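Shared between the two complexes below is chain A, which pairs with chain B and chain C, respectively.
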Partner chain A sequence: MRQVYLDLVLVKMWKQVEPIPMNTLENTVLLAHEPDTPTDHRLVIFPIHQDDALSTARISQLFTTLRGANLTNDGEQLSKITFAIHSPDSTIVYYHVYKGFNNKKEQP
Partner chain B sequence: MIIKIKLCGDKPLVFDTQVVKELRCQHRIVGALIGTLPRLPLQNAFLGLPLQLLPEETTLLLKKELATVDPVESWTYPNTYAEQLRYQVFEYLWSRQLYVTSGLKFGGDYLAYLGDPMRFHSHYIVTAKDRHESMTTLDIISMGRLATNVKKTYVIISPTKEDHPHHSKEENNIDNIDSKDNISSKMDVYSIEWAGF
Partner chain C sequence: MDIKPLPIHLTTSPRSWLDRLFHSITTTSKPCWSGTLVEFGSCVWLQHTHDIDPFESGLFGKGSLSRAQPTWKSRTIDKVDKNAVFLEHITVERRKLKRNQENNNPSSPSPSSSPSSSSTSLPETRVWNAKEIKEMTHGQDYEQVLLDFYEAFFLVFALDALIIYDPFQKPLSIDTCWSIFSNHTPHFATRYTVYHYYRSLGWAPKQGTKFGVDFVLYRPGRKHHHGDFAVVVMTEDIDATMDWKELHRLNRVCTQVKKTLVLCYVIKPSPQNEQRPQCLSSYQVQEVIWKRWSPERNREK
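Up next, the complex of A and B:
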């Protein structure tokens, strides 16, 4: 988590990054505002190591737990978790996981 | 009128142009044309009849009593757990008013379109997974990167416990596509996207 926090604050220079301990997940998530997005929008960033295993059931559990902690993206029910995937060489990549279909603009 | 599907070995084929049109326009069954055009034989960019259906498309048509297969006793799909899982996901996508085709070109099980594939590029690359099937974060990265580079969204769909292939199934309800979590309770659906930062 510390590595992800430093990446967001020092490297990407985000101004609003708040650590939120989650005992049930044995992890700390970061509630952050991505620059150049609406001021009331937040990303719920979940640090995860490159070698950690996931499954649909695990992702479902994450959504349930984080929603239970009243974490939201825009004041409504949490619809997106951002995985911060960090590797041993300190590389961190960020991927959004949306619950449901993430609609994009139709391309004819 | 009941659609007649001819089995050639294990391949479900349709030889009638009117049936091909009905399947596509009325039932959102796309299939794939596999026949050589007599006047353009030395190419495969443009193909003609027959239309080959996916096993999932054939089973769906039989289940909805829209078609028959000849010979009927030869059609047994799905047989394995993996096939049942894939079929459940296919049926779920179809029930959501999507057009669904093979996802082989993009490394998924299916491609899902919001409209006719002749008019739209596909929106989603869909993979069917068991709820407890292990994925690595590198899998997430691969899916996200692939989809981003081809301007699509990678979607993972898993039946919930209630709709597990080993449990008895009920008909799925048709829901509107809504990224705000207004989805069928029988499927877990997750979209993966590179964050871009």
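Up next, the complex of A and C:
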């Protein structure tokens, strides 16, 4: 999580990056505002190591858990989770994961 | 195909990076670099290099806040008084321009006018500037030089150029490093075999995470070029029966990033005992290069 946080704040220079500990997930999620997007839009960023396995069941569980923690992308719903996949050499690759099909024009 | 037994004896030429590293080793009685094991990150934090640049000495390590060589401080804090424009700011401006163009185009509904959008607030640019970064960090360099376990073990095992300490400042032996690295990294012995193989041929294998492969091969030297080869490690335990769909997918990605796909097979005797690094001497490596050819386009050179 620390590496992802530093990447967003010190490298990408994002101002609004808030760590939110999630005990049930044994992880810390980052709630971040992507620059030049509406002020109430947020990315829910889930750090994960590249050697950790991820299944579709696990992704569904994550959506359920994060929604239960009232984390949203636009103040109303959680339509996507952003995975920050970090490797041992500190390279981080980001992926948006959507719960089902999304109309592209409705995305922030 | 050549089957190359391990271990491969390292040979050096006067101009090679290995020669520079060997020279520094033979003139001192101790390994020249030291680092601390970071188990949760599966890496080694390189702390003391005695004025030898690990990146110049064979592309070892990576800056934790950079794409390759650690340059974060020189890119940010050191540019406070120079009114420098950062790439991140350019990215924000470019996105703003694209958004304005979309809003001005009457045929495409913009996110702000979409009835499904709950937000009526305008986009806001929230990016730190260099001065704010410097104040926030008190001028300190937050970047670390990190070695992945393959690099670290190669420096310890093959070159005796690194000593690794645990968080309690206790030096770790070669066998202890092997045991820890093997426990943290799936198929460490297999992948390290390939790493060691290409290092001994003069290549610098780096993590191939962004391209969906195990390693990308770079040629160390004064001028850094993009890696030309993307290596996928295969053995009985890993992708032994890769199907054609996966192969096409891999090759497509490699072609788009202008890299040649290399399938590297590691042949192990059975039964396998990977408890100690001595097992490497019985491993063999075969490599196959995959390159798509379209007869109608006549791309073959």
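Simple rule for what comes next: the second predicted complex is superposed on the first by the 104 of 108 C-alpha atoms of A that agree within 3 Å, B and C clash if a C-alpha of one lies under 4 Å from a C-alpha of the other, contacts with A are read in each partner's own complex, and residues count from 1 in each chain.
Keep this in mind: a residue touches a chain if its C-beta (ideal position, glycine included) is under 8 Å from a C-beta of that chain, and two chains touch if they have at least 3 such contacts.
Note that this is a predicted model, so its numbers are computed, not measured.
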Three-chain arrangement built on chain A, chain B and chain C clash or fit: fit
Which superposed partner A:L6 touches (first chain B, second chain C, both, neither): second
Which superposed partner A:K15 touches (first chain B, second chain C, both, neither): second
Which of chain B and chain C A:T37 touches, first, second, both or neither: second
Which superposed partner A:E76 touches (first chain B, second chain C, both, neither): both
Angular separation of chain B and chain C about chain A, which is computed from CA centres of the superposed model and rounded to the nearest 10 °: 90
Which superposed partner A:V93 touches (first chain B, second chain C, both, neither): both
Which of chain B and chain C A:Q61 touches, first, second, both or neither: neither
Chain B versus chain C as contact partner of A:T24, first or second or both or neither: neither
First (chain B), second (chain C), both or neither touched by A:D52: first
Gap in Å between nearest CA atoms once chain C and chain B share a frame through chain A: 6
Chain B and chain C contact sites that coincide on chain A, given as residue numbers: 12, 49-51, 76, 85, 93, 103, 106-108
Residue numbers on chain C that touch chain A, as the complex places them: 41-43, 62-66, 72, 76, 86, 88-89, 92, 95-96, 99, 108-109, 111-112, 114, 116-119, 121-129, 133, 137, 142, 144, 146-149, 185-186, 206-207, 209-210
Chain C-touching residues of chain A, taken from the complex the two chains share: 3, 6-7, 9-16, 33, 35-41, 49-51, 74-76, 85, 87-91, 93, 103, 105-108
Contacting residues of chain B [partner chain A, same complex]: 114-115, 119-121, 123-124, 129-141, 144, 151, 153, 155-156, 158, 177-183, 188-195, 197
Interface residues, chain A side, partner chain B - complex: 12, 34, 48-57, 59-60, 76-77, 79, 82-83, 85, 93-104, 106-108
